[in-house]
């Protein structure tokens, strides 16, 4: 019987405990990781207090429902979690480089590492990155003032943060599951893993899953209903198109994950038999349902990256995007087909050849629209005037490296070969090959591209480029050797190996991991230097790259309401057309009063309550879990009784603010692309003289 | 800053370092690991290797244009090159569209045909000939038990098969989901408790190779490997004889002890302490052992944690029980 | 905001034209949410069907299902959809008559409570016969599917209670009307899911 107050929680649950009782390298690493979280948290609290930032944090960020603020917070969350995820990757690489017959970590610790690494990277790095980017950019691209449901947007962020908090807490108190990010039962069931590890995973997944589903609804409805007059679907920027398809995919793909995780929870908590060995359970159902989520998920994380590549290939070639219609059709095709291929994750589970054939061919079919997209971006560069900036370096890295990922995807789509390389390092190399040059490079390119819009100053270009090259080189060394190791037969998730011919490749991979760490450090340095030099790098007029779409037509950072008057759209690349016709930056014919949502603490309340609820569920501290659920329900109901949830901004205020800004624009000299990365670029673009 | 030259220099640099290191890797030992399908011991693995090469070959048609085209385009259409044509409003070309959609579709059609054909031909469930050798495989934490029902023997950690005779494996586990693979002979197949899966393979030359579990099943997962001996007929008969004379007999109690979490080495230390290395051989097996392992999950009673091999709570197989 | 997208069936009184347009994205968003909920139930339906042989020697549908009680539950729920329909009509046509609206909502809630009562009693007698979720995979799938539907009904009842309070406090404001519209969608959706449960679980179970 559990303790009524503390549930399963005991002193030995704290991660430092093992080191105190039984010091070793392994337990030192475990305790150290936990300590870092605690010290990091305390350091953050100290900084906020010392620089008296609490007030500003509360009023400008934590209570804001502005899509721009929420977008930035999502990306900050992602970058923090990415730091942890990369460090975990480096530690795993280091362990495997010493794992010929051993390794410096315990096998159990290694298993927790690969499980947290995968969970964090997909759900707490890739997803928040794309959600943050879409949150920030899409309303600006479609001429809207905010998402349709700003408070729900904030609540989504709160739920995602709560789930991330649970994962961080698991470093300090308790442990994480060891079944990988897919957490297959029966291994993760209560019989084989009675500890709290799988419970941390389950509740982090369920809580963030609900948040993400709500985000999908928000994005889809916003893009459907909030576009500026004249912006037909076929006039939307490609990034918005990919955001729309991603949003719809989220709405359809997240429920299976919620279902499979809750079914596992029912098995563990209430002795149900969905996936148990006995009494009619069937573990194959878990695999199928999980991958019904899992496959669309990987396309969810890659489509926005494709959207970014569409935007930057056009902007940095000073050209219109080639093949708009093809790109739209390809995006939709990828979105739909991605729901029909999930079984390729379990070709080896024993089903008939016919089933494997159907899913194998469907999997290969996705390569067609994907290839079309790549060719379309090449055609955009073709006959353009290409400028190699940091985002373009990421695009180049994508072009060359993603091809290997696509090739190996085609290989894996064939059951005949998959039977050999499934669950091997070949698979690990493949999915990192598509996730890093695909998703990550796209997201990083997007961050570099839109950073000046969000913060009003550019990032230090030389450091940005260095980081990009380090990512490319680091990726090559860290992952290309794994293809070979996989063909040689090395399984994934191996805490040790016995074949000495594997060792040189492991060392190569470790070199790559350190290079990636170097890329991360360079990015931190880039952030530091950029903030230090922000006055010189400032681009207040908001169009540093001679952009083509609507978001570049407003100030950097944009005013809270984005557009003083909702623009009237007449074509694709509306802003480029305005600049070409010689009449950008015009005052509006008419200004109207607008309604904006008020700030609220709702998201924060839900975040704290969900974290407590999740912690209570994990440790079986039932009163805490119930308290958390009640707090969420109560806050929703109480909020629904509030009537003061919006405020009016008057037309005259808008007119005056807009007028001030237009004056500023008029007094800012325009620069050509020759001076794009010089300090003279203040964000106003001149017609390019190179013709 | 001349970023184009800088970029080119960096590209050459990283390619050369990569090349050197790859060559280093090749020269530090066995290039094509003896235990993979790159050095097959049987026709199925060999066909799988051929299929891999074909897929790579054909898909290159779609990929090489990118690898070649991107550097060319970047060089020719760099902003500094005023001689290059500039068509900022060029957004559609019918021949290009037909090519970029059509060629990949064609490639997929060809690959799809091969995929279909070979998936049927190399279906693990497809028998490879008459009179196959039957082996029943039980995945445990963290070792493999091989039961030879016709020969009346069993082994842990070692699978011996005769060359040139089809082998029909029936697999299950008594713990969690695992995945059985002998790369050099055939692809893998999942094995699951309460269920039976099948794998057919055949060795067409003698040799020793590695078999393993590829589906993570706990702390000892990386140790769950076994040796596979493909033996000429005389050696195969000798192996069977040796097994039939082994001092250990497999009974329920010993099976329950085997089923405890631990590696082969641990099981050996407990059951055959005088043997310092190698696999465990059993000279007799209880009748219908495999069937009983599968069916115990279908008798309508629950299998508690204490009764479930592989769970932390499982302790059976001891005299002191 | 797109123009010309009038939402049919929503009578918002004096602020008619503009409020139509304003409510459009919210209602549309709720439809999208219902799509995600449909997938949730869909997966549970598929799981139920896949596990229909997983009785593991334990009690099955023949022993456990009480079709009379199920018929009554179905009648109650369908009736509750009808009475909610009357509430919606009252909202559209008799805007001044708040009392009628409240009465129809209370009747709907009472029918839902009766539904839950029969369902709870069914669960109880099933468990007495050994039909507990921990007995078999089939029973787990049954309780998850039917149970999730029941949880949705409970949430709907909570929502109705809050609406009753808000109608009393705010009257028939724009916000209250939009919420009642969404509640109606939710309620009829749950009815549809029940028709699925009735057919796939109960009728197919004893066939």
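Every chain is named by a letter (A, B and C) in the order it is written, and numbering of its residues begins at 1.
We take it that contacts are C-beta pairs under 8 Å (C-beta built on N, C-alpha and C of every residue); 3 or more make two chains touch, one makes a residue touch a chain.
Here the structure is a predicted model, which means the values were calculated and not measured.
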{"item": "Centrality ranking, top chain (CA atoms only)", "value": "A"}
{"item": "Pair sharing more residue contacts (C-beta pairs) when A-C is set against B-C", "value": "A-C"}
{"item": "Whole-Å gap separating subunit A and subunit B, where each centre is the average of the chain's CA atoms", "value": "32"}
{"item": "Averaged-CA centre spacing for the pair subunit C and subunit A, given as whole angstrom", "value": "35"}
{"item": "Distance between the centres, which are taken as Cα means, of subunit C and subunit B, whole angstrom", "value": "49"}
{"item": "Multi-partner residues of subunit C (at least 2 other chains)", "value": "56, 58, 134"}
{"item": "Contacts with 2+ other chains: residues of subunit A", "value": "278-279"}
{"item": "Subunit B, residues touching no fewer than two other chains", "value": "300-302"}
{"item": "Contact footprint of subunit A on subunit B as seen in their complex", "value": "1, 3-4, 7, 10, 14, 18, 21, 24-25, 28-30, 32-33, 35-38, 45, 47-48, 51-52, 55-56, 59-60, 62-63, 65-67, 69-70, 73-74, 77-79, 82, 84-93, 96-97, 100-101, 104-105, 108, 111-112, 114-116, 118-120, 122-126, 175-177, 179, 181, 183, 186-190, 192-195, 197-198, 210, 212-223, 225, 297, 300-305, 308, 310-313"}
{"item": "Subunit B - residues contacting subunit C, complex", "value": "298-302"}
{"item": "Touching residues (chain side subunit C, partner subunit A) in the complex", "value": "1-2, 24-26, 28-29, 32-33, 35-37, 39-40, 43-44, 47, 50-51, 53-56, 58, 133-141, 143-144, 158, 162, 166, 169-170, 175, 179"}
{"item": "Subunit C residues touching subunit B - in the complex, by the definition given at the top", "value": "56-58, 134"}
{"item": "Partner subunit C, residues of subunit A touching it in the complex", "value": "148-149, 213, 216-218, 220-222, 224-227, 251-252, 254-256, 258-260, 263, 266-267, 270-274, 276, 278-282, 285, 289, 292, 633, 637, 640-641, 643"}
